[in-house]
Structures are given as C-alpha cells and as structure tokens.
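In what follows, chain A forms one complex with chain B and a second complex with chain C.
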Partner chain A sequence: MRGIFFSIDAILALLLALSISALIMNTSSRLQATTIADSQLQKIADDSLVSMDKSGVLGSSVVANSAIPLKEFARIIPGNVCYRIAIYPQSLSTPMIAQENCACRTYSISRRSFVLPEPGTAIYLAEMRACYKGTSG
Partner chain B sequence: MKKGIFFALLFGALFLLFLSMLVFYSDTWVDRERKDAENLRLSKFASIRDDVAMDLMGLLEINSVYLFRNSSHATIAINETLPISSPNAQLLAYKNFIEGEYAQKQNLAGKILLSLDTIYASPFVYFGGVNLNYSYSGVGKDSSIFRGSPSVEKYSLLLQSASVDPFSECGWESQAAGGLEVEIKIIASNCPAQLASLDPLSESRFFVNTTSGKYLNMSFGQIGADAYSLRMVSDGVAVNSLLNVTVSATQPIAAWLPGKLEFVGDFTYSTLIIAEN
Partner chain C sequence: MRGQLFSFDFILAVSLIIFILALSLFVSESTANSINQSEQGRDMQRAADGALSQLIETPGSPSNWEQLEFTDGDVASLGLSPSRNMLDEGKVLRLFNLANSNFGNYSLMKRMLGLDLPSSNFSISISNSSNSAIYETNVPESGSASVYSFSRIALLGDSPVIVNLRVWVEK
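Showing the complex of A and B:
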C-alpha cells in the first residue's frame, strides 16, 4: 500500500516538474521569438531608410513635395509589414510628407537624417515605423 | 524504511536536476539579452556613424569619406579638398541639429557632442562609448601639423622646388639628438639630403628659403603638447612646391593639412601630397 502511495507521489512529482520545465522552455522560446521578430522589424526599418537615403528617394520626395517616390520604394518592403514613412523638416514635429499602408499600435522605429544642399542647405529627418500586420491596430 | 530513503533521495535529485535546469535557462536568457542589447547598441552606433558620414558628404559636397574604427572610437576622415571654401555655417547648423533634435530622437540626448573650434582639445563628433571623430582644420592655410605619437618611427620628406622660385638655402636652426628618424630630400636645389635622429621630446627646426625670400620652416619633435610631431609653416612657398611626407608609424596618427580637413588615418608607410603647384 505504501509502495503504491510512493509511486503515485513520484509520478505526480515528475509530472509537476515536467510541467514547470515545459512552461519555462515555452515562455523562453516565445520571448526569443518576439525578440527575433522585433529585431527583424528594426532591421527592415533601418535598411529601408538607408536604401531610401542612399538611392535619393528621400531627397526626391522632398524636392517633388510628394509621397510618390516613397510609395514606389515601399513596394520592396515585405507584404506582411505595416509601415509609416514620414519626412520632417528640421525643428518641425509635423511631417511634410508621409506614406503608410496601415497603422501600427506597437512598432519598431528607425530614424535617419539627410541633407539637401540645393537650394540652400536644409536638414531633414526621415522616420519609419514598422510592425507586423497581425499586430497592427 | 529503505524504500522511503530511496524515494527521498530520488526526489531530492530530481529537484536539484530541475533547479539546475532552471538556473541554466535563466543564465542563458540573461546572457542572450545582454548580447542582443550590445549588438543593438553597436548596430545603432554604426548606423549613426554612417548617417553622419552621408550627411557630411552632402553638406560639404564631397565624393567620399573614410571610416575608421577601433575598439574605442570611430572616425570619419576626409582626404579631399573642399569645393566650398567656408563650410562653417553649414557645419554649425548641422552641429546644432545633431546635438539637439537628432540626439534626442535617437535617445542619445547629451551623448553626441560636436566641437568646431578647437581641433586639439576635442574631436568634432563623438559618442559616449563609441566615439566618432570629425574635424575641420582651424589651422592657418600655410600650416600643416602631423600630430605624432610614440608609434611614429620616421618622417621622410621629399621637397620639389618650383622652377619660378627655386630653393636657395636650407639648414638646421636647432637640432636635438634622439631616436626620431628624419629624412629630408630636396630635389632641384643645392641643398644636400638630410638624415638625422632627433629628440622626439624637444623641438628641432629645419628651414628652407627660396630666392624670392619665401620660406618653409619645419619643426620636429615636441610641438605644443604633442611629442613625435611634425609641423610645417610656410609663407606660401608650399603652394608652388610639391611636398611628399611619408610617416612610418605602428599606429594611425592625425594630420591637419593646409586648406583641407583633418585626416586621421593609417599613415604607416603612406605617402601624402600636401601641396601642389
């Protein structure tokens, strides 16, 4: 009788221990997946702004005062990513140009400055917010 | 009784096993988080350095910049004559933007500092942790300074006098013996080649005069606060002459060149033309 009690007790203890370890591993891998997703979003936002800066897309948008160059560029952004690209003139909190495909509730953000020497040197700040479509609000 | 002890030991061992698993996972997680944060920080600094470099190319209307980096700081260097003669107004506006709005939005408020005026005292741009140097020379047009360090072993100078105003005489004004090797060769003049070992901690001076009375003065060794340095001052003679300076050093050193921006880089066995007709 005592043997059965100990066996059940041991099995229960083992199950409990296994559940705890499964919970820890599950939480750990879920957190890791979130970190990887955040990191990927950040890279997408950073790379997009760098590409737009170096290829002159940001400058073209300002010169044309139009979001069309941004929209054209945004075709290469992965389809499952929500984004908002905005260009702010120096010292202004309202964007002069903005382009977005859907809104994000929580997002990764990247910022990059760029200058246009002509006419007269002007400094601008480009900002890109990105989130995965499932998480957009 | 024996069974009870056996089970107690078994459960104890299982408990310890799972406890150690928990500690292992926790440590791994903390370590990963720390590495991720460090990677993010380095990536952000690299991105900012690239951003500033691109902006400077646009602002100063130049085609290229050099990016150097070691464990403690990153440097943006320019080896190009500026197409715009006085970039200070643009740089000042940019300085204010980078130090203020940009730093704030990058969550680096107070950590990006720019200095335009004192090239010796402070780098132009630096970040806490990963420094970023950039400087516009405040030195007069006819003064060139190679800011030395104990890594400098030798300065080799090759001077070509201009046919319209040839060198007439040259010689040492003062000379202190030591371990800094200096070699001076002057083409198309009656000045003999010079090979000397000078004291890097005191100033030795060499002069070259031209037939029209212009001069090129060179100082080796202790220049201001910097030992192992080379300074060249001329009253315009260098404009009509070709001067190659080769610095043999085990570490990169900085130079401020006439009419150009600061050049910080690997001068080890490199040759630099600092004035051209």
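Showing the complex of A and C:
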C-alpha cells in the first residue's frame, strides 16, 4: 500500500510538472508570435505613411480636401489589415480627412508630420492605426 | 503471503517508475525539439526581417552596386532604396536578374542578406496593388516544413508596391 501512495505522489508531481511546462511553452510561443505580428503591423503602418508622404498622396488629399487619394493608396495595404488613416491640421484634435476600412479595438499606431508649401506653409499630421482583422472590434 | 504482497508492490512500483521515467524522457526530448524549432524559427524571422529592412531602407554598399560586377569583393551589401521606401528600378532589375541567373549569385545574395542559415532558402517578389507580381525570384519552395513570410510597402516609381520576402528550411 505504501508503494502505491508513493506512486500517486510521483504521478501527481509529474502531472503538475507537465502542466507547468506545457503552460510555459504555450505562453512563450504565443508571446513570440504576437511580438512578431505586432512588429509587422507597425512596419506596415510606418511604411504606408512614409510612402504616402513621399508619393505626394498626403499632400494631394489635403489640397483636394478628400480621402480619395488615401483610399486609392490603401489598396496596397494587405487585405488582412484593418486600418484608419487620418490627417490632422497641426494638432491631434479633429481629423480633417479620414479613411478607414474597419475599426480596431487595440492597434499599432504610426504618425508622420508633413509640410505643404502651397498656399502658405502649413504643417499637418498624418496618423495611421492598424490591427489585424481578427482582432478588430 | 508477505513475499507475494511485496512482489506485487515491487512490480507495480517498478512499472510506475519505468513509466514515469519514459514519460519524462519523452517530454524532455519533445520539449528540447520544440525549443530548438522555435529558436530556429525565431532566427529565421529575425534574419528575414533584417534582410527586408536592408532592401527597403538602404541603397546598398557601395550605393552603385548594381553597376558593378557581383562579387564578394566589389559588393559589400545589397539595398534597393536610395531613399527609405523608394525603390530604384535599376537596382530592382539587377537584383532579380542576379537571383534568377545562376545558383552562385543566389548563394552570394543569400549571404549578403544575412539569410545563409542552415538548409534555408528565400524568395522575393514585388507585387502591385492588384496583387500581381511585377518581379519575382524563381526559387521553388520544395517540401518545406515552415515558411516565414514578411511584407513591406514601398514605392516603385510613383506606384505603391508590396515587397514580400519568404524564407524556409528545406526538409
């Protein structure tokens, strides 16, 4: 009987050790996947704003006071990404132009200021929020 | 009777110990394998991420590498963008010509991009907003267990494009 008691102890200990190691492995692999996905999302947002600025899309949107150039550009953004691109006049108050395909509850954010020389130098702020579609709220 | 009880206890205990030992060995082995795979995956992801950043954010070294002989001595690093996220058509053309011309160039390119991990291969493609490939390397993904794919947005001329880099380990 004593032997059996000892074995149950050992089995319980083993089960506990197994559960803990499984939990650690599961958590660490999920954490790693999330970190890489977040970094990718951040790069997509950064790249989008840099490319929109350098190709003059942000400026065109402001001049035309229209989201159409943003919408045209946004066709390149991968289909699994939810985004909201907004242009603010100097401060982050109310966006003057905004374009979004779906809303995000938690998101990666990127901001870039740009200057429009005509008519009269003005500074604007472009902001892009992005999340993966499965995580949008 | 006592001896028999002892034997039963003994056999049961030994069986359990053997079972527990075997299970521990199996678990430790599979944990080690899983950690190894995860480390290898993380190395590949880091390498792919770095290679793509190198292509999208730098002009390469020297900055006119596309006009030079593609050798270890003449070209130090590869890059496609004279200015961040703005691809140079000449560099892009040269890169894809080199990658698709012969295996020697492909191997050297792999080393210059930091993708020379054991048994690994890579492919690059540039697609437009209709998701059609404008440029792509012709390296088939044969029997790969895990493929890591990274994408960046850049400008080719005035048009936005997606630069996609795929890295995988050959089985």
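In the analysis below, the second predicted complex is superposed on the first by the 135 of 137 C-alpha atoms of A that agree within 3 Å, B and C clash if a C-alpha of one lies under 4 Å from a C-alpha of the other, contacts with A are read in each partner's own complex, and residues count from 1 in each chain.
Just so we're on the same page, contacts are C-beta pairs under 8 Å (C-beta built on N, C-alpha and C of every residue); 3 or more make two chains touch, one makes a residue touch a chain.
As the structure is a computational prediction, the values presented were derived from the model and not from experiment.
Asks: After lining both complexes up on chain A, report clash or fit for chain B versus chain C.
Replies: The answer is fit.
Asks: I'd like to know which partner A:A103 touches here: chain B for first, chain C for second, both or neither.
Replies: In the superposition, A:A103 contacts neither chain B nor chain C.
Asks: Identify the partner contact of A:S39: answer first if only chain B is touched, second if only chain C is, both if each is, neither if none is.
Replies: Both partners, chain B and chain C.
Asks: Put chain A at the vertex: what angle do the Cα centres of chain B and chain C make there, to the nearest 10 degrees?
Replies: 80
Asks: Have a look at where A:T121 lands relative to chain B and chain C in the superposition and call it first, second, both or neither.
Replies: In the superposed model, A:T121 contacts chain B only, not chain C.
Asks: Quick one: classify A:L23 as touching chain B (first), chain C (second), both or neither.
Replies: neither
Asks: Looking at A:K54 after the superposition, I want to know if it touches chain B, chain C, both of them or none. Which is it: first, second, both, neither?
Replies: both
Asks: Just chain B (first), just chain C (second), both, or neither: which does A:V63 touch?
Replies: neither
Asks: State whether A:L12 touches chain B only (first), chain C only (second), both chains, or neither.
Replies: Touch partners of A:L12: none, neither chain B nor chain C.
Asks: Just how close are chain B and chain C at their nearest CA atoms in the overlay, in Å?
Replies: Distance of closest C-alpha approach: 8 Å.
Asks: Following superposition on chain A, which residues of chain A contact chain B and also contact chain C?
Replies: 2-3, 6, 10, 14, 21, 25, 28, 32, 39, 50, 54
Asks: Where on chain B does chain A make contact in their complex?
Replies: 3-4, 7, 10-11, 14-15, 18, 21-22, 25, 29, 32-33, 36, 40, 43, 47, 50-52, 54-55, 58-59, 61, 90, 93-94, 97-98, 101-102, 105-106
Asks: Hey, which residues of chain A end up touching chain B in the complex?
Replies: Touching chain B: residues 2-3, 6, 9-10, 13-14, 17, 20-21, 24-25, 28, 31-32, 35, 39, 42, 46, 50, 53-54, 90-91, 111-117, 121, 123, 125, 127 of chain A.
Asks: Using the touch definition up top, name the residues of chain C that touch chain A in the complex.
Replies: Its residues touching chain A are 9-10, 12-13, 16-17, 20, 23-24, 27, 31, 34, 38, 42, 45, 49, 56, 83-86, 128-129, 150-155, 158, 160-162.
Asks: Quick one: in the complex, what on chain A touches chain C?
Replies: Going by the criterion above, the answer is residues 1-4, 6-7, 10-11, 14, 18, 21, 25, 28-29, 32, 36, 39-40, 43-44, 47-48, 50-51, 54-55, 73, 75-78.
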